[in-house]
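Next up, some structures in structure tokens.
Two complexes come next, and they have one chain in common, chain A, joined by chain B in the first and chain C in the second.
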Partner chain A sequence: MNRKTVIIGIDGVPYKLMDDLSNKGIMPYFQKLKSKGIFRKMRSSIPHISSVSWSSIITGSNPAQHGIFGFTDLIPNTYTLSFPDFNALKVKPFWHHNENKKYVIINVPSTYPVKPLNGVHISGFISLDMDKAVYPSSLLGKLEELQYEVDVDAGTVRTSKSLFLKKLTQTNEARINTYRYLWEKEKWDVFMFVFTGSDRLEHFLWNAYEDKTHEHHQAFLNYFKRVDEIIGEINQRISDNDSLIILSDHGMEQIKTNVNINYFLEQTKFLYLDKSKKEYNQITKKSLAFSLDPGRIYLHRESRYPHGSVKEQDEKNIIQDLTETLSNIEYNNEKVIKKIYQKQEIYHGTELERAPDLVLIENPGFSLRGAIEKNTLFEQDPILTGKHTLEDSVLFVKSENADKIVPPSPTVEDMVSILSKLNK
Partner chain B sequence: MTRGEIMNSRLTELEEKSIFILREAKAKFKKPAVLWSMGKDSTVMLMLCKKAFLGNVPFPAINIDSGRDFPESYEFKEKMVKEWGINLLIAQAEHKKDAISGTAEGLNKAEALKKLLEKEKFDALIVSIRRDEHGVRAKERYVSPRDKNFRWDFENQPPEIFNYTSEFKDASHVRIHPLLHWNEVDIWEYSKANNIPVNPLYFAKNGKRYRSIGYADSTVPFKSNAKTIDEIIKELKTTDISERAGRAQDKEKEYVMQRLRELGYM
Partner chain C sequence: MVKKNYKANKKFHNKDRTCWNCPAAKLKGNVDFRGCGQSRKIMSARGDEHIMIECKRRPELGRYEPTITFEQCPQWEKTKYGHLLKNMRIMILGIDGYLGWTLALKLAKLGCRISGIDNYTRRNCVKERGSHSVVPIVSMEERLKAARKVLGVDIEFREMDIRDRKKLKKFLQKEQPEAIVHYAEIPSAPYSMIDAKHAIEVQNNNVLGTLGLLWLMKDIVPNTSLIKLGTFGEYGTPLTGRPLFEGIFPSDAILKWDNREWSLGGELTPRDPISFYHVSKVQGTFNVYEAAKYWWLRSYDVMQGIIYGVHTDEVAAGPNLRTRYDVDEFFGTVVNRFVAQTIMGLPITVYGTGEQIRAFIALEDAIECMIRLIASPPEPGQYDVVNQVTGLHKLNDLAETVAKVAKKFGINTQIQRLENPRIEAEVHPLEVESTKLPDLGFRPKVSLEKEITRIFELLTQPEIKKRIEEKAHLFIPKTTWSGERKESEVLEVYEPGTKKKKGYKGILHQPQK
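Showing the complex of A and B:
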């Protein structure tokens, strides 16, 4: 018998939101499913952002193995920002594990530009050019007809939240029609479909979820109602022998304040900037450390940067100083930093040398920022109300042996292993 | 060594194709101009113009002045104008506010060029892009019409033959790309074979050199000991860093940054 597997991704949805909305009857289909599988909190990647987390989900590997540490990186031996894409991924995603199986992969973040596979692949955020976002290219005409868009234009949220919500719905519906089309047209073994509007919605309108009187409260709930309908629809399309995985890459919570880490490093004399230059080219020879989004700290090593000044023998002391100083950041008598990891504690693999030396984990509500042109430590975000969380992404698995293959405390790195053990 | 020994058959072929395109452009358009960035590619282009038209560059050369170029580039410009007798027109780029961050300043080079083209009524612009530079340019053609807003409608391109008969509808001017088929190593081999002057920033100084030259404050050098064209060619044949890696201003990057800023990054 040919058993199928469906993976539904819901970008940025926290466990507590799925649990809450299903209990309240807003996600009735998922409520019914909950008792038929294993539903657990899942730990996101470090740092807990989509590019790193989805890369771990699809490869079953650690950031120091797959090589993606953030949306941004610096080009080796320069201060120039680079944006690692699917070409930078060092470990093969699961759809290259078994060439005899056929895959349909829709809207997984950080999988642009696409590469040939046995099946269909439409990449997700950040896709630049449709021609390179779709395999095979014979599908391009159909996608145009379905009005498929690779991403919702989040810029509209600044001018009108209503317009943003309208575009979010349009993009979502086109994507749903695309999944329906490919579901029927392709003879697939594994089907993966990711909702990403959820993450945008939560970033911009988290307050509309928590505040029942918010003018967009109902619109917020409606989005998840629609997600739930599709979960129900998909579940109805598969048989009891097939497997269903529902997961998210990270959680979300209300932002209390943004915290500009590079500004803090300047104030505490770890970072010196030459303001006549641009972006990270501002980093001067005197600098000992700097930060990239969201809480990645890099030593300004002599061996790695054009003006690098940190010598190998001084690394230990500087890391100790940094750890002590950073753990003291306070906002209204509240500690901002919950935990500081050194890279060897959390990372393993061939790319370890490129990993950030320290990664900061924040206490609830603090959004750590790596922008380099800020002149205040704390800042209310002008647009965003939701920020990512580490501990409470979602994992739901429905299969005959789900209770045996889902670890008690799963992380995003477990997905590929679970996938390989389904129905065996 | 005579010129014949270093102008190998590949370079001769590249040169012939480019010269053919340049001559056609001169014949078909009323008022062409050539864009000159002072970089290695557009300087090779000036040399090809000289060869195509009996030692003279018969078109005005347009340089977009950012006010933020390297001092070495300004010196190089003066020297070239004097020694090669170039009819140089300057398009002065103005600073603009970045609409997204509201802080970082950008330069409006396209706007400056557009104004100059309109003022001087140029109908064709010869541009020294190469297909191997990056993804977006891979779709370009030798002849590429631009609409009034400078947009490149790549789905509505004329057939890829130069002696087209169709008119370009709605085109404000047409871009001609005679170097499309060259690669980075070709440019250096040709520069060497023809003794073409080179901006000194391309050569290593204190262990670093520039591979692609943008503004002084947004272009970074990379580690290199290549002090001659031969050493550059040798280096290029082994490196896996992309040519424009040091350029912060590329369009794809701008787009990615915009997308990330919308979500609160950077």
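Showing the complex of A and C:
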């Protein structure tokens, strides 16, 4: 018998929220499912952002293997930020593991531009041109008819939260109609469908979740109600022999304050900027280190950057100084940094050389930022109220042998291995 | 007030410009990774938001922020005019004209890939008024052949009216220019004042031609910079003596009224055109300004002083490469006309008091300015204005200078004042700001006397002298701004050097070194 697997992604949804909303009856379908499978907290990638995390989820590998360390990286020998995409991914995603199986992959972040596969692939954010976001391209007309959009325009939220919510719903409904269409039309073995509006909603309106009097509280809950209905619908469409995985790439929590790491590095004489230049071109020869979003610290190596000045023999001392200095950042007598990882502690693989030298893990509520043109260490975010968390993304697995194949403390790197062991 | 902190005349004035300015950068929108969100709108970077681009020339770079500097980018090569995009694709609209042809040769010689359109409006208008270019010019076909043979350059030419949007669309799609120089306008004040038909044709060609071009650029080449020729005549000559800023008020310009104050910084300065032709130029300014605002197009509007001269190394490289030279009342610019009159042994004709002060620039300098503008494209959505001028001269003084140079060629001449056919201020102050081009490394290279000397050298050649003689009856203006057609009466004739200088003196704020 042909057993099928469905993977439902809910971008940025924390374990806590899924548990809370299902207990409260807002996600009744998931509530019923919970007891029929394994529902665990999953550890996100380091750093805990979508591009890194989804790349680990779909390849089962470590960032130093798949090569994606953040939404941004610097183009070699320049200070120009590049936004690595699917072309930069060094490890094949699971849908290229078995050419005999047929896949439908909808809206997985960081998979643009798409490449041919046995099946259908519509990439998730960031997707710039529709014609490079869809395989096969013969599907473009149908998607246009379904008014499919990869993402709600994030600019809208600045103009009107209500309009943003309206667009979020429209985008979500079009995506749901697309999944329904492809579910019926395609013959598939693995079907992966990711909700990404969840992440947008949480970033911009996390306060609407926590504050019951917030004018958009109900709209916030409604979104997850709809997600739950689709979980229910999909669960109903599959048989008991099929497997269902529900997962998220990272968690979310309320922002207490933003922390501008590059500003801190400037103040502590690790970073010197020439303000007449633009963006990271401001980094001058005197600089020893700088940060990229969210808490990645790079030594300003002589061998790697146009004005790099850090020599190999000094690296160890600078790393030590940086670690000591950064661990002292305090906000109202509260430590901002929970843990500082050196790259060899967390990364392994051929891309290790390109990895950040240090990665900062923050205490709850602190949103670490790598923007370079800031003139204060702490600031309230003008737009965002939610920030990612490391430890509490979601993993739910329903299959015959789920209890045997889900590790006790899963991480995003385990998904591909779980997938390969399903129904065996 | 003269600014003292001019940037030094850096050879590579544009080295710190980035992809943000580069026409090869395809703007893909805006992204805020912290909110994991993407926007198709193009916004400038706001701290945590990044602008995403792809490079048409270096697709292997993927998507990135537009911060690679011209100095870092291998596509921007060093030239004597600063960094210039390798084999830059430049389209010149009005390539057969006085400026268009001259610029085309200079750029092609620099290694740019030049394309151009023209429907020979200028040739036809001059012919219609009974005149011809006194420096003989060959057909476009012959010009292109000469360019290939003498200079070793190929130019892609299409005969086309700028208003033929269907044709222009195809050509833009094919050529994908990285800069567009727009000279395709009818450049004559008196021509626009002949009668309704001529006024309408000037405005139709100039205004609608530009408007149609903007719509095409929006769809086909939205990242390409448009360098559009304006004119000092757009500003007029404010009698208060208010300086002519570079199109846009500086931030410290203040409007005071009713005991209250407002900053005018960033607003367009007033325009006070002085003919229906100049009105068409003002209208063009507004259309370009709006297009930049609505569609993120980028443009330099070049307020060019009155142009004169005959020389660049390229046009002088062979007889079939020469650019045109007109001397009639419609298309002959003032210095060019004065020299021709002198060579004919006729008095130099000055309109009215001759106290009018105008901005001027020699052909060679004007062409260099254009190249520097091409090399330093504005930012997306930026409409900028430059005053392209190297000297302010009173018409009386110009006449004296021409007479002085004429003497070196053994020609004695007189100056005669005519009734002014135009309606314009005849006595006025003039103060002009011109610092943007110097900031791009431009310094005037050709003095007035030097270029007038070059003109004499060329125009005194027998064949050309003969061609001037054939059209000498067209020197004296017959087109008046009042609508009456009559030849201007002579007010006064005098010997050069016999008049005392008086009245206002033009003030130009521009570094000379």
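Criterion: the second predicted complex is superposed on the first by the 424 of 424 C-alpha atoms of A that agree within 3 Å, B and C clash if a C-alpha of one lies under 4 Å from a C-alpha of the other, contacts with A are read in each partner's own complex, and residues count from 1 in each chain.
Just so we're on the same page, a residue touches a chain if its C-beta (ideal position, glycine included) is under 8 Å from a C-beta of that chain, and two chains touch if they have at least 3 such contacts.
Values in this document were obtained by computation on a predicted structure and should not be read as measured data.
Student: After the match on chain A, would you call chain B and chain C a fit or a clash?
Tutor: Because the two structures are overlaid on the shared chain, the partners are seen to clash.
Student: Of the two partner chains, chain B (first) and chain C (second), which one does A:S303 touch, if any: first, second, both, or neither?
Tutor: Touch partners of A:S303: none, neither chain B nor chain C.
Student: Per the contact definition in the header, classify A:T72: touching chain B only (first), chain C only (second), both, or neither.
Tutor: Both chain B and chain C are touched by A:T72.
Student: Once the shared chain is lined up, is A:Q344 touching chain B (first), chain C (second), both, or neither of them?
Tutor: It touches nothing on chain B or chain C.
Student: Counting touched residues of chain A, say whether chain B or chain C comes out ahead.
Tutor: The partner that reaches more residues of chain A in the superposed model: C.
Student: Considering only touches as defined above, state whether A:D11 meets chain B (first), chain C (second), both or neither.
Tutor: After superposing on A, A:D11 lies in contact with chain C but is clear of chain B.
Student: Which partner does A:K132 reach: the first (chain B), the second (chain C), both, or neither?
Tutor: first
Student: Check the residue A:A88 against both partner chains and state whether it touches chain B (first), chain C (second), both, or neither.
Tutor: The answer is second: A:A88 touches chain C but not chain B.
Student: On the A-aligned overlay, A:D293 touches which partner chain: chain B = first, chain C = second, or both, or neither?
Tutor: Both partners, chain B and chain C.
Student: Given 9-17, 171-179 or 225-233, which part of chain B has C-alpha atoms clashing with chain C after the fit on chain A?
Tutor: 171-179
Student: Can you list the residues of chain A that touch chain B in one structure and chain C in the other?
Tutor: After superposing on chain A, chain A residues 71-72, 75, 78-83, 125-126, 128, 151, 154-155, 157, 200, 203, 276-279, 281, 293-294, 306, 367, 369, 371, 373, 383-384 contact both chain B and chain C.
Student: For a test of understanding, state which residues of chain C touch chain A in their complex under the given definition.
Tutor: So the residues of chain C touching chain A come out as 16, 18-20, 28-41, 43, 45, 47-48, 50, 52, 54, 61-65, 67-69, 72.
Student: For a test of understanding, state which residues of chain B touch chain A in their complex under the given definition.
Tutor: My answer: residues 100-101, 103-104, 135-136, 208, 217-218, 220-223, 241, 245-248, 252-253, 255-260, 262-266.
Student: Can you list the residues on chain A that touch chain C in the complex?
Tutor: 11-12, 49-50, 71-72, 75, 78-85, 87-88, 109, 125-128, 150-157, 196, 199-200, 203-204, 276-281, 293-294, 306, 367, 369, 371, 373-374, 383-384, 387
Student: Considering the complex alone, what residue numbers of chain A touch chain B?
Tutor: Residues in contact with chain B: 71-72, 75-83, 125-126, 128-129, 132, 151, 154-155, 157, 200, 203, 258, 276-279, 281, 293-294, 306, 367, 369-371, 373, 381, 383-384.
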